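Shared between the two complexes below is chain A, which has chain B as its partner in the first and chain C in the second.
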Partner chain A sequence: MSFLAENLPLIVDGFILTIEVTLFGIFAGLGLGTILAIGDIYGGKIVSTFIRFYVEFFRGSPIIVQLFISVYVIPAMFQTLIDPIIAGFLVFALNSAAYQKGYIKGAMQAVFEDQMQAGLSVGMSKPQTIVYVILPQALRIVIPAWSNEFCSLTKSTAALSILGIRDLTSAFQSIAIRSFRVLEAWIMCAILYLIWITIMTKIFDIVYEKKKIPGIEISV
Partner chain B sequence: MDLVQQLLYMLQGISTTLLISIFSFLLGLTIGLPLAFIRTYERGFAVFVDAFEKVFRGIPELVLMLLFYRGVGLFLAFPFGDAFFTATFVLGLRSAANQSQIFKGAIRGVGEEQMVAARSLGLSRLQSILRVMIPQVFIFSTPGLGSEYALLVKDSSYAFVIGVPVIMEQADRIRKATYDPVIPYIVAAILYILLTFPLATWLDTWGSRKKKQLGL
Partner chain C sequence: MAEIVMECKNLWKTYGKIIAVKDVSFQIREGEIKLVFGPSGSGKSTFLRCLAMLTIPDKGDVYLRDQCLTKPSVDLNKARAKIGFVFQHIWLFRHLTALGNVELSLRRVLKMPKDEAREKAMEALRLVKMEDWAKHYPAQMSGGQQQRVGIARALARNPNIILLDEPTSALDPELTGEVIDTLRDLARMGTTMLIVSHEMPFAREVADEMIFYDEGAIVETGPPELFFTNPESERAKKFMARLIKKTKRE
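Then we have the complex of A and B:
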């Protein structure tokens, strides 16, 4: 275990970066995903066609391809340089938004068709009804799906190591090479991810139990 | 590297990607389906099945591949020295964990009554599972299985890190040979989208049509 103690700073730094990317991705994705969901439902045909293409690209292609496109293709096409870390943060946010749009749209549609009518009938405007009536409920219903999204987002951040960004996986990559204890290093890495994801899933479960709307349970 | 050669590279990438996805899907099916039934009907084993699912759903596929290929492969050169096998093995087990969850939901969707009805007709438990439950479970789980297959096609791109000639790896090789950073990756993205999109949607519509037909 001594080889781990020696490399503790490396592991901690990597872990922090992994957590940062995941949290940024999940929250920025939530904001953007909500906008996309509202746009898809209420935005008319052109907007929703555009959103469909966006979603199809980000859900249909692997995260590695998206990362490589943002780091190699886009800079080459526009003759600029993009910092791989910034590209990484952006790709995970955009990617997560595409998935979260689906969940949020499902939650908004499945239960609240009639609530829109109710909101309008008491004199609220359409945007008001969306913000004050539909969204608060939809976001509570979507928590379990959100928890799954958090897990898969965390797992896919491991792809950052391919770009040479120093996340948790890449920390263990260099530890494995330097210490020659390849198997131990990778097992340790796997365990750390497992612990982090298990803890976060538990937290999501607790939050859902507290926040869930009694009587309404849908799977999105 | 001329155009024909590039095309051949990409074709090899497509076939490798499809082979990994299909084999790991089948591996996931043969492990996942029994696990779902064990979990539902043998309460005592539920803990183990849950632990298996947690482990394989909670570790990045990339880390698992490196763990088995670089780590375990060091001690067990056969079979984990082979990158293609390792990628299929890892994705297959991950898929088993996912598919076990999908089938668990489907079993619940079909309902306990079907099982009770089958047993009351004198079928044994194994017979009722094989003859009555499984055919219906499959119809209930088609949308889930469709997206699981799409997920496998996408996740097979992680095999790039251990050098398996999947579409991503081939695109990378073409970039290195031609110094063109744009076209290979764009082509790779389009290929992945083409490989994931149709089957998932088709299974989804087939599943809901079949369900309506049978009145489920």
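Then we have the complex of A and C:
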């Protein structure tokens, strides 16, 4: 296992980058996904058509293609350079938002009709009712789906290595090549992904249990 | 005579071919209790929702005291804060406790400080005898208890009037009694109420006026005694006969 100790800094750096991208992707995706869900429900035809295109694009093409577009096509179109790391963070947030929008919208619609009427009936405005009544329920319902989304998001970040970004996969790629310990390297890599996903899934479970309210837990 | 609290003039609301509210005019004065009854699908709920501006009427005007709610410039949220509404299917906020349900609008609409809102909400819960259930969530209560919290939520803001849309009809028969008792308490306190209900003994006891509503229109109005003895219109006569038969069977 000495090859691991030798390459520890590389592994740690790669692991940290993967952790950062996944956390940024899932949380920025949640914020943006929530805004997209509200926009889709309330924004009228034009906004919701625009949102539909956005979602179709991000769900309908491989993330690796989205990464290439962000790193090669967009900079060429606008005559600028984009740091691949920044592009990577953004693509994962935007991509995750497209998926999360669907879950959040579904959850909002599930609690929507009667709860909106009730909110209006006590004198709250529509935005107030969304913030104080609809979202607190919808976000609770969405936690299990959110946990799944985190899992697949984390796995797809391996695509970053193709852009030359030093994530966990890319770290082990170079270790495998240099040390000739292909088997151990990739097993170790898989274990680290597994550990990260297990930790976060556990945290989501705990949050779900802690935030659970009788009557609005949803089995998924 | 007491002041007019709520009034509508020549109100209309249609859904495609269905006319749910057809040129309805109505008024209710401070402290009065009026009871609307009539066949299902005749537009009673729509009428109530239009009065509360939860559904915007097509034509006609709604007044809350001196304020015309159907003018485009009106802040409807502010206006609704002065109207209590109780739903047939209760519709409590499912993620909030009984206390939270009552408190929410006091905090977010009336902008009361936390302590004051809590005190006021507890007072409303005491009125409906649900203070011991303050910390419970809707899913942990029976239908009757939920509806009493729904009533507390409607009255906590000291609204000018409370509109109740069949507050007991979604409940199991053995649970309607406790809700009726609560309404009786409100009646005793002089609360102005417009109630859609088919609880005839209760109507006879508390209503100042009964309104027979059919096919989107007010067909006949009068004191309860009129309807129980000799309604004028054929339709009201038939409907009352059926209701009384049904009540007896139960």
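Definition applied: the second predicted complex is superposed on the first by the 216 of 220 C-alpha atoms of A that agree within 3 Å, B and C clash if a C-alpha of one lies under 4 Å from a C-alpha of the other, contacts with A are read in each partner's own complex, and residues count from 1 in each chain.
Heads up, the rule we're going with is that a residue touches a chain if its C-beta (ideal position, glycine included) is under 8 Å from a C-beta of that chain, and two chains touch if they have at least 3 such contacts.
Just so it is clear, the structure is predicted and the values come from calculations on it, not from any experiment.
Student: Looking at A:V133 after the superposition, I want to know if it touches chain B, chain C, both of them or none. Which is it: first, second, both, neither?
Tutor: The second partner, chain C, only.
Student: Who does A:A118 touch here: chain B (first), chain C (second), both, or neither?
Tutor: Only chain C; A:A118 stays clear of chain B.
Student: By the touch definition at the top of the document, which applies to A:A176: first (chain B), second (chain C), both, or neither?
Tutor: After superposing on A, A:A176 lies in contact with chain B but is clear of chain C.
Student: Could you look at A:P9 and tell me whether it touches chain B, chain C, both or neither (first, second, both, neither)?
Tutor: In the superposition, A:P9 touches no partner, neither chain B nor chain C.
Student: Under the stated touch criterion, name the partner, chain B or chain C, that contacts more residues in chain A.
Tutor: B
Student: For A:P214, select first, second, both or neither according to whether it touches chain B, chain C, the two together, or no partner.
Tutor: second
Student: If we count contacts the way the header does, which residues on chain A are in touch with chain C in the complex?
Tutor: 111, 114-115, 117-125, 128, 132-133, 136-137, 140, 213-216
Student: What does chain B use to touch chain A in their complex?
Tutor: Against chain A, chain B makes touches at 54-55, 57-64, 66-67, 70-72, 74-75, 105, 150, 154-155, 157-158, 160-161, 168, 171-172, 175, 181-182, 185-186, 188-189, 192-193, 196-197.
Student: Note which residues of chain A are touching chain B in the complex, please.
Tutor: Those residues of chain A that touch chain B are 56-57, 60-66, 68-69, 72-73, 76-77, 151, 154-159, 161-162, 169, 172-173, 176, 182-187, 189-190, 193-194, 197-198, 201, 219.
Student: Touching chain A in the complex: which residues of chain C?
Tutor: Touching chain A from chain C are residues 52, 54, 77-78, 80-83, 85, 87, 89, 91-95, 104-105, 108-110, 137-140, 153-154, 157.
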